[in-house]
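Below are two complexes that have chain A in common, paired first with chain B and then with chain C.
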Partner chain A sequence: MGDWSGYIGLMLDGARVTVELTVLGCALALPVAFAAGLGRLSRFWAVRALALAYIEFFRGTSIFVQLFWAYFVLPLIGFELTPLQAGVLALGLNVGAYGAEVVRSAVQSIGREQHEACVALNLTRWQGLRHVLLPQAFVVMIPTFGNNAIELLKATSVVSLISLTDLTFQAQVVRSQTGSTAIPFLTVLVIYFALASMISFGMKTLERRMTRGLDGIRH
Partner chain B sequence: MEWDWAFVREIMPTLLDGLKITVLATVLGSVLAAVVGLAFALLRRSPNRLVSRTTAFLVEFIRGTPLLVQLYFLFYVLPGAGILLSPLTAGVIGLGVHYATYMAEVFRAGIDNTPRGQWEAAKACNLTAVQTWQHIILPQAIPPMIPALANYFVAMFKETPLLSAITVVELMSQARSIANFNYRYLEPMTLVGVLFLAISLIAVPALHLLERRFRRYR
Partner chain C sequence: MTEPIIDPIINVDHVTKSYGSFTVLKDLCFSVMPGEKLALIGPSGSGKTTILRTLMTLERIDSGFVRVDGDYLFHMERNGRVVPADEAHLHRMRAKIGMVFQLFNLFPHKTVLENVTLAPMLTKGVRAAEAQRRAMELLEMVGMAGKANSMPAALSGGQKQRVAIARALALQPRIMLFDEVTSALDPELVEEVLNVMRMLGTQTDMTMLLVTHEMSFAHDFADRVLFFDRGRIVEEGPPGEIFTNPRHERTQTFLKKIIAAGQRI
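Let's turn to the complex of A and B:
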């Protein structure tokens, strides 16, 4: 096993794919979470039912099953997806469903008086949401969103099973080429942990920034 | 591709066999997770700084890394150290220890929510540490945790397909082998989804029931 630099390059390539998947997955999950979470609070029962069906479906089955379904079954009905597209789609929709519940409970956690104040000021529902409720609810969502982002990062390892060359996949490659098991797997564990720590640090910083000036109002 | 009911009837017994292993792995895994989770929670409260810090780091580390890689680690690395595990054993240990880190958090919150007065009363009655935990703290702390623990039970159930990656023959791997053998992906993959969804949807009202049943203790 002389060629460690080559293997390290391979792992770094894998780490890049993992980061890419995490970022793209989050980019899909965030708007989906807001759409479905606010959909749950809609005045129209059809929108509520649709949002509920989406959330229950994606929370009721695992990311693994959804990924395989996206990759193997969707092509049969005419949606040809590359592994990366299938991965981002499954990860984003799955974590989006969990995020939707976070959005819903955060908006509902805002006190009644805020809703009443919106009515008293004659704001439309959209104005009230946009200027009064969401800015306050967003602060409540951040810590849980951070956890969801870490869950997404961890879930990306599953895409290695549909032959996407992420970190976990490269660990398997190194294992099969060198016969060494402890070193590649320990290395990827450490890389995943470092990425997760970066997300949680970033989210804490964001939370501190967003709550700045709110000290007297909250807690 | 058309949905074929005859094919569904043909593969259903095999899938249900896989489902049995899935349920077995979930049950064994959650028992292990509850025990190890409680141990993590107690070790984190240890007065010995070294013990509590090490446990805290270990819990963070396990929670920050993917279950799949941990399963590979158990399955490929431990045999090198002379520890041979059957795939199912490795899977149950991986699942159990991974979720133990989540359950430890639930236990910690439950223990912290026990009022201070209870600790003081235990001290006043001259109970030993073991007696305090066994008779005063845990009986009060555990019932309110049950809904949260049950939530993780359902989460674990949904994660079991990962065990197919280390050759445990559970629901997902049965479906994959059927799909590869017959070259039909539609029915097996969809049925796996339907079976998981069905059990999760049954679990939701059951969880609400648990929550109502144990809220009284609060």
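Let's turn to the complex of A and C:
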């Protein structure tokens, strides 16, 4: 039974990879979501079309297939990626597509009167977006971004298919080496849940901070 | 005695605008002289708010021309031809015009002071310290300096509207548009906003256009009253004439209804 500490170490290594994928995936998904979401609202037809094509493609195809493309097909046309890079790319672009719709709908949820105030104060479109619409829209985005981040965390398990030693992969390793099924998978369950709870808590804290003052009291 | 020749600051020339099959402005023509205080009255749906929104470029027109301070608003001259205005032209033209809205439209995520300093800093490149100094002067003037660091949600309607007026004034527009600025206020808060406007009327040479249902205020404040009905100006004249001796039957009916509703003129 002394082996268990070794197995737990193995699982924690896997958890580290999962966290790494989640953080890097989010770091890619967030700017992509803003670029594509704002692209959908562009004045220019070509930008809107490009953003829409990206969003629909990545929402409309399976993340497994996207990952396989990133890892197995891209090398055929000269883009050799490590498993981690392929995982981050697929996860970031996939979740970024969902995030883009969050950005777009949040910006559109800000009342027309805010937009009109920007025009009346002679702000340019970009100034209005940057200083008036986006700061208000961001508050609306936070809860859904939290969901997206948790979705991304859970989706990281697909990278075990390209032999990245994430949490799920290591659980399989422990299972095959010990013959025990319930214990490794229970551990995995608990770790995923703990990670998701941390994201939830972080997002709630951020939301509280961002909405402070909007109800009439600042700080 | 001959009048000195001064060009109008606003010239609306055969302007028509429709929403689908509903024509909201019908071949509308009028001019406003610099410094003039104009009240636009009339039943709802008569086009009076639409014309203010059009002057602020929040609405586009279907045909006709609008000139502000000598330049076309929705058109520009390029190589000797008149072409539709581009965004840069609209941006230049908007600098001459400010607007105060019925529902204040303050920025809820910014303090009162930030609401007033934002546009001068962004559009005129005024430095933060200078923008704040001027904003405090304006807030002082509208009686809101004590709330400079409050968030808009903490203010009453009347206070919000006074901040909104200060915010519009911070850009030093030559023309100010007031769109039913007291309509959303509780009755006891109306007077504090009207007082600010009275002060602006007497202490500045801004051209002011107001759409209002406050007839007694329009009577005292305006140099000239335009009565709108169904997208046209039915009657215009000095308030003394329009309110006490309206010539057109529709003006008479409208004013009777207003008086029947309990308003003093």
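Definition applied: the second predicted complex is superposed on the first by the 213 of 219 C-alpha atoms of A that agree within 3 Å, B and C clash if a C-alpha of one lies under 4 Å from a C-alpha of the other, contacts with A are read in each partner's own complex, and residues count from 1 in each chain.
Keep in mind that, in the parts below, contacts are C-beta pairs under 8 Å (C-beta built on N, C-alpha and C of every residue); 3 or more make two chains touch, one makes a residue touch a chain.
Source: prediction; values computed, not measured.
Trainee: Output check: A:Leu89 vs chain B and chain C. Expected answer is one of first, second, both, neither. What do you get?
Mentor: After superposing on A, A:Leu89 lies clear of both chain B and chain C.
Trainee: Scan A:Val102 for contacts with chain B and chain C and give back first, second, both or neither.
Mentor: Neither partner.
Trainee: When the two structures are overlaid on chain A, which partner does A:Val17 contact: first (chain B), second (chain C), both, or neither?
Mentor: neither
Trainee: Counting residues of chain A in contact, which comes out ahead: chain B or chain C?
Mentor: B
Trainee: Examine A:Ala117 and indicate which partner it touches, taking first as chain B and second as chain C; both and neither are also allowed.
Mentor: After superposition on chain A, A:Ala117 lies in contact with chain C alone.
Trainee: Which partner chains sit in contact with A:Val32 here, chain B, chain C, both or neither? Use first/second/both/neither.
Mentor: A:Val32: touches no partner chain.
Trainee: In the superposed arrangement, which partner chain does A:Gln172 touch: chain B (first), chain C (second), both, or neither?
Mentor: first
Trainee: Would you sort A:Phe72 into first (chain B), second (chain C), both or neither based on which partner it touches?
Mentor: In the superposition, A:Phe72 touches chain B alone.
Trainee: Kindly classify A:Ile55 by the partners it touches after superposition: chain B alone (first), chain C alone (second), both, or neither?
Mentor: neither
Trainee: Kindly list the residues of chain A that each of chain B and chain C touches, one partner per complex.
Mentor: none
Trainee: Quick check: in the complex, which residue numbers of chain A touch chain B?
Mentor: Listed in rising order, the residues of chain A that touch chain B are 56-57, 59-62, 64-66, 68-69, 72-73, 76-77, 150, 153-158, 160-161, 168, 171-172, 175, 181-182, 185-186, 188-189, 192-193, 196-197, 200.
Trainee: Where on chain C does chain A make contact in their complex?
Mentor: Touching chain A: residues 56-58, 87, 91, 94-95, 97-99, 101, 103, 105-109, 111, 118-119, 122-123, 149-151, 153-154, 167-168, 171 of chain C.
Trainee: Any idea which chain A residues touch chain C in the complex?
Mentor: So the residues of chain A in touch with chain C come to 113-114, 116-117, 119-125, 127, 131-132, 135-136, 139, 213-218.
Trainee: Please name which positions on chain B make contact with chain A in the complex.
Mentor: Residues 1, 60-61, 64-70, 72-73, 76-77, 80, 158-162, 165, 172, 176, 179, 185-186, 189-190, 192-193, 196-197, 200-201, 204.
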